[in-house]
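See below for the structure under consideration.
The letters A, B, C and D name the chains in turn, as written, and every chain counts its residues from 1.
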Amino acid sequence: MKYSFKNDYSEGCHPKILEALSQTNLDQQIGYGLDEYCISATDKILKLCNSSISTVHFVSGGTQANLILISAFLRPHESVISATTGHIFTNETGAIEATGHKIHSVETDDGKLKQSHIQSVLDLHQNKPHQLKQKLVYISNSTEIGTNYSKDELISLSNFCKEKKLYLMLDGARLGHALTAENNDLTLADIAKYTDAFYLGGTKNGALIGEAIIINNQDLQDEFGFHIKQKGGMLAKGRLLGIQFDVLMENNLYFDLAKHANFEAMKIKKVFSDNGFEFLSETFTNQIFPVLNQNQIDQLSESFDFYVWKKIDEEFSAIRLITSWATPENVTDQFCEAISGLKK
Amino acid sequence: MKYSFKNDYSEGCHPKILEALSQTNLDQQIGYGLDEYCISATDKILKLCNSSISTVHFVSGGTQANLILISAFLRPHESVISATTGHIFTNETGAIEATGHKIHSVETDDGKLKQSHIQSVLDLHQNKPHQLKQKLVYISNSTEIGTNYSKDELISLSNFCKEKKLYLMLDGARLGHALTAENNDLTLADIAKYTDAFYLGGTKNGALIGEAIIINNQDLQDEFGFHIKQKGGMLAKGRLLGIQFDVLMENNLYFDLAKHANFEAMKIKKVFSDNGFEFLSETFTNQIFPVLNQNQIDQLSESFDFYVWKKIDEEFSAIRLITSWATPENVTDQFCEAISGLKK
Amino acid sequence: MKYSFKNDYSEGCHPKILEALSQTNLDQQIGYGLDEYCISATDKILKLCNSSISTVHFVSGGTQANLILISAFLRPHESVISATTGHIFTNETGAIEATGHKIHSVETDDGKLKQSHIQSVLDLHQNKPHQLKQKLVYISNSTEIGTNYSKDELISLSNFCKEKKLYLMLDGARLGHALTAENNDLTLADIAKYTDAFYLGGTKNGALIGEAIIINNQDLQDEFGFHIKQKGGMLAKGRLLGIQFDVLMENNLYFDLAKHANFEAMKIKKVFSDNGFEFLSETFTNQIFPVLNQNQIDQLSESFDFYVWKKIDEEFSAIRLITSWATPENVTDQFCEAISGLKK
Amino acid sequence: MKYSFKNDYSEGCHPKILEALSQTNLDQQIGYGLDEYCISATDKILKLCNSSISTVHFVSGGTQANLILISAFLRPHESVISATTGHIFTNETGAIEATGHKIHSVETDDGKLKQSHIQSVLDLHQNKPHQLKQKLVYISNSTEIGTNYSKDELISLSNFCKEKKLYLMLDGARLGHALTAENNDLTLADIAKYTDAFYLGGTKNGALIGEAIIINNQDLQDEFGFHIKQKGGMLAKGRLLGIQFDVLMENNLYFDLAKHANFEAMKIKKVFSDNGFEFLSETFTNQIFPVLNQNQIDQLSESFDFYVWKKIDEEFSAIRLITSWATPENVTDQFCEAISGLKK
């Protein structure tokens, strides 16, 4: 079978998680997230967030996290601002709208929202109450196209949102990859400080399932459990989520796994670069988008799986390559060789 | 720590599941339920259902299964009929109403819906279109109070629903326990034949998470994946669900686990019975509701955990005891001894 | 054609409204409720409410008022308590559930909610967050079965709701009839003082359409216009609503019309009473429910239209008779004669 | 007071409507749209539609019509395609999303959707079920910026939608103006033939309130009354809507009123044109968008009210002028003189 660079959720989970599941398997625990592993994982996360006021909740996946957070935070007449590349806007089957809320989308160059983008949406919606009240800004870090926010960018955005009375929510399905990218200057504590809420993705960074929601704005913490339950996100065996994050947050494992993924991606990026290939966007995380001609795509496809992402012109297309915590170094090496050997 | 008879989701999962997770851990698989384990589990389930036309989908939990099924099946003006004890009516934080649908509730003696219950709801809603159109009947087997349906009861209900153009949906969070109860005369194939849709509960019968949804009515199968995704129920690593059901459906494991739970419950029931205790309702599954006085409750509570379920009078209350696939025989034995030794 | 006592919305509107519509017809006005008639009607209503802090909004009908108020006031996990006879529970096609909120219903003797009813619902929902948070109590005055609240009853209910942090909302589709009933001791100012929000029904008391929403709780007033617009309740020609309430609130017309309806009903009630008939419930408003045998129902039906409301036994049924602002005195007199002439 | 060209709902209604309301005022009628006036108006509309299979329903306003139609027609995972100028996309406070459905928007030159616009949305949503299923195309005629569809355009669009299994729904808030525009070649029968559903606007063409919904696709007619009631759109005194449309559909009144509005707009357009002004878009209905400099805008504003619609550059802006059934000829003449007299 061909090795797949299609995504970062092709394998199971980090072996330490399996070990922990085995070791704790027959302990009786209270259900619904009140078990001791959830409590321990919460403590570790809050320590890393350097926050004593944030609250932590564990849910199964990203779409679930997004729809629960947004529907819990907004009143019926309040809406969301997102980049057109935002996961909630394009790849969640209208999950947010299904809870009653419109998403206003803005085109960006690099998947990152800036103040000007948000202001442009506000400007277009001055005719109240015939137009919605914008109330929440949704960003992803790393973004859906692999880019990541700098500390300056996040602080500016955060200040702007506060000024405009907008909540800032960060989709961290790949936050580990963002925070360990070579160009990153943000910490988890910064994320907790400058957002109203965010989540730390497990599914794409070594867990079987699971995202850890962190709510920093105290006004938004109230009665959040009701929303998780109502939307079908409260697992009877919450321990499954607690144990995983308890392992991932121990000894920097979460960040080490992400760093590995980034490192493998950067190795591949360098080979493409050295061989004169261009990229759809410059990324430092575990997603890269090199531009190849059809002949080259066919050659690489013989031994490796990946998505053809975007047609550039009649001859060229960008492909998407994603590495993960599980990508073996030797496979990356083989892939790099294959790249170096590509014929026109 | 005291042993808990509070519920059947206090432990992790059956060891064979952990084994399978380990063995398959680094296989690369396609996401979102298209992996080979989901396919294999689906085959096994359909074989047991003796159905070639049903479709199978895996989701994380019961509330999620209920809300996805009901919101996918109903148009906005269609409503649900449930017993007042129905899980969707009392214990899911309004999850069904949150998708826009009313649940009409009916009082029952034993948690089981009969034709007369349904007819009484239909009779009360003749003033169309000022009153809703009832369209789906929700039942649980075993019920939330431990009772289970006979084949005759299910067939009658099924025929009545067909006649009235009502869908019949069965919540099978504890279907394993129902189908292995000593008074049971139903098979999984019967369930598939006489319902429009149902689910087979994993969470309460040896899985870490997971319910297998089976849709038998071909009119309702169309485009179901959209609904799973939109409601946040589609796991990127669908393999986690596939692997578990693949193991549980192998060599009768699923039913053996349920049978064990029932067996332990019946042992406890017999001891209560032999010692002259009465029960809130007569049950043959893994839930029993003996009636004790406060003094006896206090005595049992010293070494065991359980819920006090319902006050009967000033002196007596019914307690709820739930056994599971993981209940150790020796613990049951100790508990039985404690019962026999109860003082007035 | 037979005269109909089926309801109080069989005719058009009070002639003074038609006059006002004609006189103002070609005045140009701003749309969406910002016209000068809405402003004038608002002033008159607030004066009668003896409230300087309440806000007033006009919408088309009762179901619309109910669904806008409730969905604007509640967060997704909050629910409503209503009598089983409540209009929102039985006769609005699931309008409230369609906005995502469950209604908990309680059986009452007379359609009126008391503290004990509410407490019984609260008692049944202690298992948070698996059960909803009750947040709003819905009452109707006069009720759907013609009864009305006393001042003591309303104050008790209001105090209880405040203590339990529940909003108290009053459906006043027939509030005029309640406030002019011979047994009434409430004023419009009392209603404004003891409820968080209510509405004053126009449709059933002389208007073509229209209910005036009054929000007394300042926490609930914020941004209400968005909700009216989003739910399709904001008329471009809001003047149609403003003009009607401006006329109805002038010179006590609204209350005079309701008083007339009540008076005609009480005349009929007296004749039934004098002739030894019983009633389903004792009412002092424009709805009465005398109990007749089938033969008597047939006799009355020859010349008059009305609903057979409820079967009492094989021989007897209660009928519902509704009078209105438009019921001609001479028709009532003819009807009374017919009653007196009824044969067994 | 200055005469306002701000919109076409500044006045009350055509005097013949007031007459009919007076004449019928005390007739007793059945409620909820089953009165004889609704029946008569339905007959007249269906005759003009040349359709024996369409069904007709009357509701209060455009936002209400849009949200009821779309939520009744779509399943939860189905979405809508609209121009960015579409009323549902920009000016209805998220009413459609509040019922759970996403609107995909497309930029157009002239407010009119073409096949290529729709195809571009379909192309972007191939990743099922992670992306929504597009199911309904929403167009307006005349559009929100005054343009109107030709017969060729509508037929092409209709064929394309059929081929792609998309419903075609037409917002006819200003359909009268479109069908009487000098460049129009469509009839009401064409609209009924080539759309699945549409509505005929009363509010902006001489009624106090009211839009007549016409459903042509028989698959979509089923149980529509439930949706009207559930969304708060069913008036107890449905006669108010029936009477108005009965009058408007008599003797071509509806079209004569629209023709008058168009005629007055075209007079103004010609004067602007003759004086060398340009327009934002070329329109033949009752909305025109001439481009003036600030000085000219100030001059006109002294005696007339209108909206400044869009800034063109530092010096110039387009204004929006709307005429109506009620615009007096002599006011138009005064306005034309004022235009001719504009100084640079």
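Keep this in mind: a residue touches a chain if its C-beta (ideal position, glycine included) is under 8 Å from a C-beta of that chain, and two chains touch if they have at least 3 such contacts.
Since the structure is predicted, the reported quantities are computational estimates derived from the model, not experimental observations.
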Check your understanding: What chains, if any, are shared contacts of subunit C and subunit D?
Key -> A, B
Check your understanding: Where the centre means the average of the CA atoms, what chain is farthest from subunit C?
Key -> A
Study note, to complete from the structure: Note: subunit C sits from subunit B at a C-alpha centroid distance in Å of 43
Point to revise | Computed distance of Cα centres, subunit B from subunit A, in Å | key: 34
Review point. What whole-Å value do you get for the distance between subunit B and subunit D if each is reduced to the mean of its CA atoms?
Key: 51
**Study point:** For subunit D, residues contacting two or more additional chains
**Key:** 76-77, 92-94, 98-100, 129-130, 132, 226, 229-230, 234
**Study point:** Parts of subunit C lying in touch with subunit A, wherever the complex brings them together
**Key:** 32, 71-72, 75-77, 99-100, 128-130, 132-133, 223, 225-230, 234
Study note, to complete from the structure: Touching subunit C in the complex, subunit D uses residues 1, 3-4, 7, 9-13, 15, 18, 21-22, 24-31, 60-68, 92-95, 98, 203-204, 208-209, 226, 229-237, 239-240, 326
Point to revise | Of subunit D, residues touching subunit A in the complex | key: 76-77, 79, 90-94, 97-103, 127, 129-132
